[in-house]
Amino acid sequence: MLAGGLWDRSNMALPMCGKTASCRLFMVSAPRWGLAVEQVRTVVWHETYQEPVVDKEYFRKPEEIDGLAHTRPVKSALPTQSTSIFHYPEVTKFTSYVMKKGERALARSIVEKAFEHMKRHQIKKYHEAPPEEKPYIDCNPVRIFHTAIENCKPVVGVQSVKRGGKTYQVPTPLTDKRRRFLAMNWMIAETRDNRDWPSQSFAKKLSSNLLEAYQEQGKVVRKKYDLHKLADANKAYGHFRFW
Amino acid sequence: MEILPRLHLFKMAAPMKIFRELSRKGFDPRHVNHGPITRSMFCQPCGKQTVHYARASSVAASTEPSAQTREPVPQPPPVRSIFRTPVSNPVNHGLEQEAQFYTIPPDEYKTMFPQDHGMPSRFKKQVDTFTEACIMVRKPSLEVMSYLQQANYSHPAIRYVFYGIRGTGKTLCLCHVLHYCTKQGWVVLFFPKVSNWVKNVKEIQPSFHNPERYDQPLEAVAWLKTFKVSAADSIKELQTQQKYQWNKREATEQGRPLLEVVEQGIARPKTATDCVGVIVKELKDQANQGRIRLLVAVDGVNSLFGRTVVRKPDRSMAYASELSLTYNLRKLVRNDWRGGAIVTAVKEAGFLGMEGEKKDHRRYTRHEDHPDIYHDILDHVSARPQTFTPEALLGKEGFEYMDPYVPVLVEKYTEKEIESCLDYYTDRMWIQNEKCWTEAGRQQLKFLSGYEPADLERICGPL
Amino acid sequence: MAAPMVHGTVTACGRLLLRFSSPLLRDIYGNGQNAMLKTKQTQRCLSISAARHRQQTKSTSSLSDKPYTEEFLQEMDQEYQLGKRHLANMMGEDPETFTQEDVDRAIRYLLPSGLHEKLARPMLKPPDQIFPKQKALQWGKERRPFSFLFYTGKANYYSLMHEAAQILTQLNRHEDKMLAKGVLLPDPEPWAEFNTSVWIDKIAVEKMITESMDDHQYRRFVEMLEHIAAHPYAKQAAQFILKFRQELVAVSMKQQVHPLMYDENGIAYMEAEGKRKSSRAKVTLRDRGTGEVTVNGLPLVTYLRNVQDREQVMLPLEFVERLDQFDVEATVWWGGTSGQAGAIRLAISRALCSFLTEAEIENMRLAGLLTTDLRRKERKKPGQKRARKKFSWRKR
């Protein structure tokens, strides 16, 4: 009775292709629901909808699932989410950063090509290496990617603060999200304006950058150290963070 | 020319022949089947399935740590050894080796395919990465090999056509047959990717003999160079049977070694196209006289007929019969000679479409006012026509020219073949993902690739 | 419209029906319908006593804030009971155990109506369903308002807020007392009823206080209640808070699962439809298959060249680890590749439900596989470049 529209919507999932669907769509959108007025972006889902969990491991332990989850409707899983062998959240995120103008298929093919280049490089190295070295050569491109990104993440960042008409670069701690964002975007920016190798494909350049970062070398890692140095040099302004 | 038996019937009978031959040898085909992979095969070596990605990297700016401090990387589990056969001579291949990989010895690979010419581009990369050239022994190539073994060579040469949808391994089957014939001491004329001769052509010139025809010197030289490497051994003793006048000053006398003709073509690109024609003619004659066994392998035979996209000097498109290279090749494909075989493959890539037929590129239509009203599906989603049959690809002209021939269908992987292929990739470190070493991961790969060989290889790329 | 035909044999009952249905119609159609109703009433004036008729016409003509008097409602209730007994007798059943459902059934049988509008058909309902709860009279005989908040214009709303504020003050006082005793913070108690419920929506509150309110006022109200609920001793005011909470029902219980179908070979199969963006899909899922998927007559890999789209089609089957158990036959219309893949995904997961246990269905629901993706492309706005992008700003 009370939240009638809300519950109706979950029922609606079953009688499909009904005519009412498109009308309901507008009913759901923000302004009609008193609490959702302050939303900036129009979200189709009502606030009671919870995020989907596309992870088989999560459902292996049913006792750990919050009991409240069963009472609330769920948003639809995104097309980028899946349980397939290709799916790694970090890689998907990176693909989204590479993407331009919503061409996800292209971005994904570029990232996959870069992975393939890396793998070919490492496998060739593996087959040519002496047998005692072999177990230490990592050929898994996803593992290399994760390590490379991990190596590029800065520990501390700077934030510009205006005091008395002057702008100071004040060192601040960074959230995990911000660290990941910086590392990935440095990687992409470095690859995009690679002056030494202008005619080469993005995938090839990206793979060489990742491999360099994997060994804690290269421009991207240097960028991280530059940021650390800047923060260290400006540590005298640290108190500007608080007042 | 005598009347041939119905070749299509011949094709039907052949697998039974192979089977009978096998049972005569006392071989039970049941042994070929390897059972399904059980989970226990994988559980042991994998250990825990969780992956630790972050490496302890607190040491700032250190170079790659030495081997003692590093942890060994998780290695792929040992797979069953059935996926690979030690028999590297295709002459000995039979149904017992079916769906297994055999290695082409590196030196033979280099002579047969100098600079990997004629191989699919991804296979080239694979050879480079794996540092070995492995081809799967598959039913279609075994079938053609058994035909070649039993054919009567006093009859005109029989034409075999590999066909199938894109990326099913037609070219690799052709290469397998080619290896087989090389091993038997045949003279092999391999024309890879004929489709490249009728498109993206940089330079043509009018022929010296016939101004109606056009030479392609660059392509001819490239082919002669590879031919020189691959057939150097087998044509050593052969000699020219008549005098050839290349131009006003240069000529090759009768009784000179055939290799001299090849050298002549490489040295003088202008005459290269004629040299190809001469070699074709000479080898055909020699085979007719029974001195040699000749194998003609043509990849993309459908490019020899119909239109091309080569521009003549008057800016009009040339027909395939107007280019001297394809003209010579057509003479070779015609079965007016004996003492050899013609193995070909048709390629969708070289297909320029039917004459006077428009392609419908519109695959979907947008919905207008009533998305709920379903129309007849054929109105809205036009299924792409599957033009992979030789009749469709060869066109009317080609079909009449090639008839009669033995069509050999190259199909997608079977269950057994894909298992063996995945094993091979795991063994060669090509599949690195821990999830793919389990049975569930393999199932996903099978589902996503749809058992298509090229797709499987491609989607395994980033794994 | 009221019941068009009333036969002489059922006059007692018919009178009732008429009388009960007319105010309801007034509620539905508003005042515009009054004239017509009145004419109808005059036709049947015979059957209504004069006093009641006065009352009736008065209530129909006036606006809804004039309450029904207590005695009128009582009278109506008596008539309802009487009518029910009549009906029971006519149907030959025991009047004591004659329920409302039996009443509806009896009327459907005795007075079949072909009218399309359900409210226009003859009916007999208890009076509290037909005469909605109305605001009580707000002033006494000497024309003085009862409530000191009368001149706010929304006395009930503000008195509710006032009550809430009082409760909050009480709680604060209690907290002070406890602080004086030395209890800094009480141990958090589990409050299951509160956690499994949400605030009731605006319409429900309006019904409760019999006053209309705007969005802003509703928001103020919910803010107030949230404030109380966040208080450390909120559980003491549980009775007040829970009045405004709506219990959440497990959504999983509401999943509707169709029974399996069997073909002539006894193989189970299931059909379902799905949609995403502008694509529609119909899917037939066959048991005892090999994991083969055909889309519009082509194999999946030929139809969908994008690996991400294939992953989407694979997702539901992979999620329940039945990749090689089913054969899928899909037909899709409209849209692009990713929309078609999404539509097939939804249709497969719906068809899959019939083959699964309840726990697995619930897992699929939590993974968001059973929800229709309602998102669409956002429209372009006038005065902007795209949906969100603005024209670049120029100074003159």
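A few notes on this one:
In this document, chain identifiers A, B and C correspond to the written order of the chains, with residue numbering beginning at 1 in each.
Everything that follows uses one rule, which is that a contact is a pair of C-beta atoms (placed from the backbone, for glycine too) under 8 Å apart; a residue touches a chain by one contact, two chains touch by 3 or more.
Chains and their UniProt names: A = Small ribosomal subunit protein uS7m; B = Small ribosomal subunit protein mS29; C = Small ribosomal subunit protein uS9m.
Everything numeric in this text was worked out from a predicted model, so none of it was measured.
The greatest centre-to-centre gap from chain B, using C-alpha centroids, is found for C.
By number of C-beta pairs in contact, the leading pair of chains is A-C. Chain A has the C-alpha centroid lying closest to the overall centroid of all protein C-alpha atoms shown.
Distance from the chain A centre to the chain C centre is 39 Å, each centre being the mean of its Cα atoms.
Chain B and chain C have Cα centroids separated by 66 Å. Chain A has residues 17, 84, 86 in contact with two or more other chains.
Residue positions 280, 307, 311, 314, 318, 321 of chain C are each in touch with at least two other chains. Taken residue by residue, chain B touches two or more other chains at 372, 444, 448, 459, whereas all remaining positions touch fewer.
Interface residues of chain C facing chain A in the complex, by the touch rule stated above, are 195-196, 198-204, 215, 218-219, 222, 246, 248-252, 254-256, 272-275, 280, 306-308, 311-312, 314-315, 318-319, 321, 338, 341-342, 350, 359, 362-363, 365-376, 378.
Taken together, the chain A residues at the contact with chain B in this complex read 17, 19, 84-86, 111-113, 115-116, 119-120, 123-124, 126-128, 132-133, 135-143, 146-147, 150-151, 215-217, 221, 225.
The part of chain B that touches chain C in the complex is made up of residues 165, 364-367, 371-372, 374-375, 377, 380-381, 383-384, 440, 443-444, 446-450, 452, 455, 459. Those residues of chain A lying in contact with chain C across their complex are 1-3, 7, 10-14, 16-17, 21, 24-25, 28, 33-35, 37, 42, 44-45, 48, 51-56, 59, 62, 65, 68-77, 79-84, 86-87, 104-105, 108.
Within the complex, the chain B residues that touch chain A are 51, 53-55, 57, 60-64, 67, 70, 72-73, 75, 125, 128-131, 372, 428-430, 432-433, 435-436, 441, 444-445, 448, 459, 461-463.
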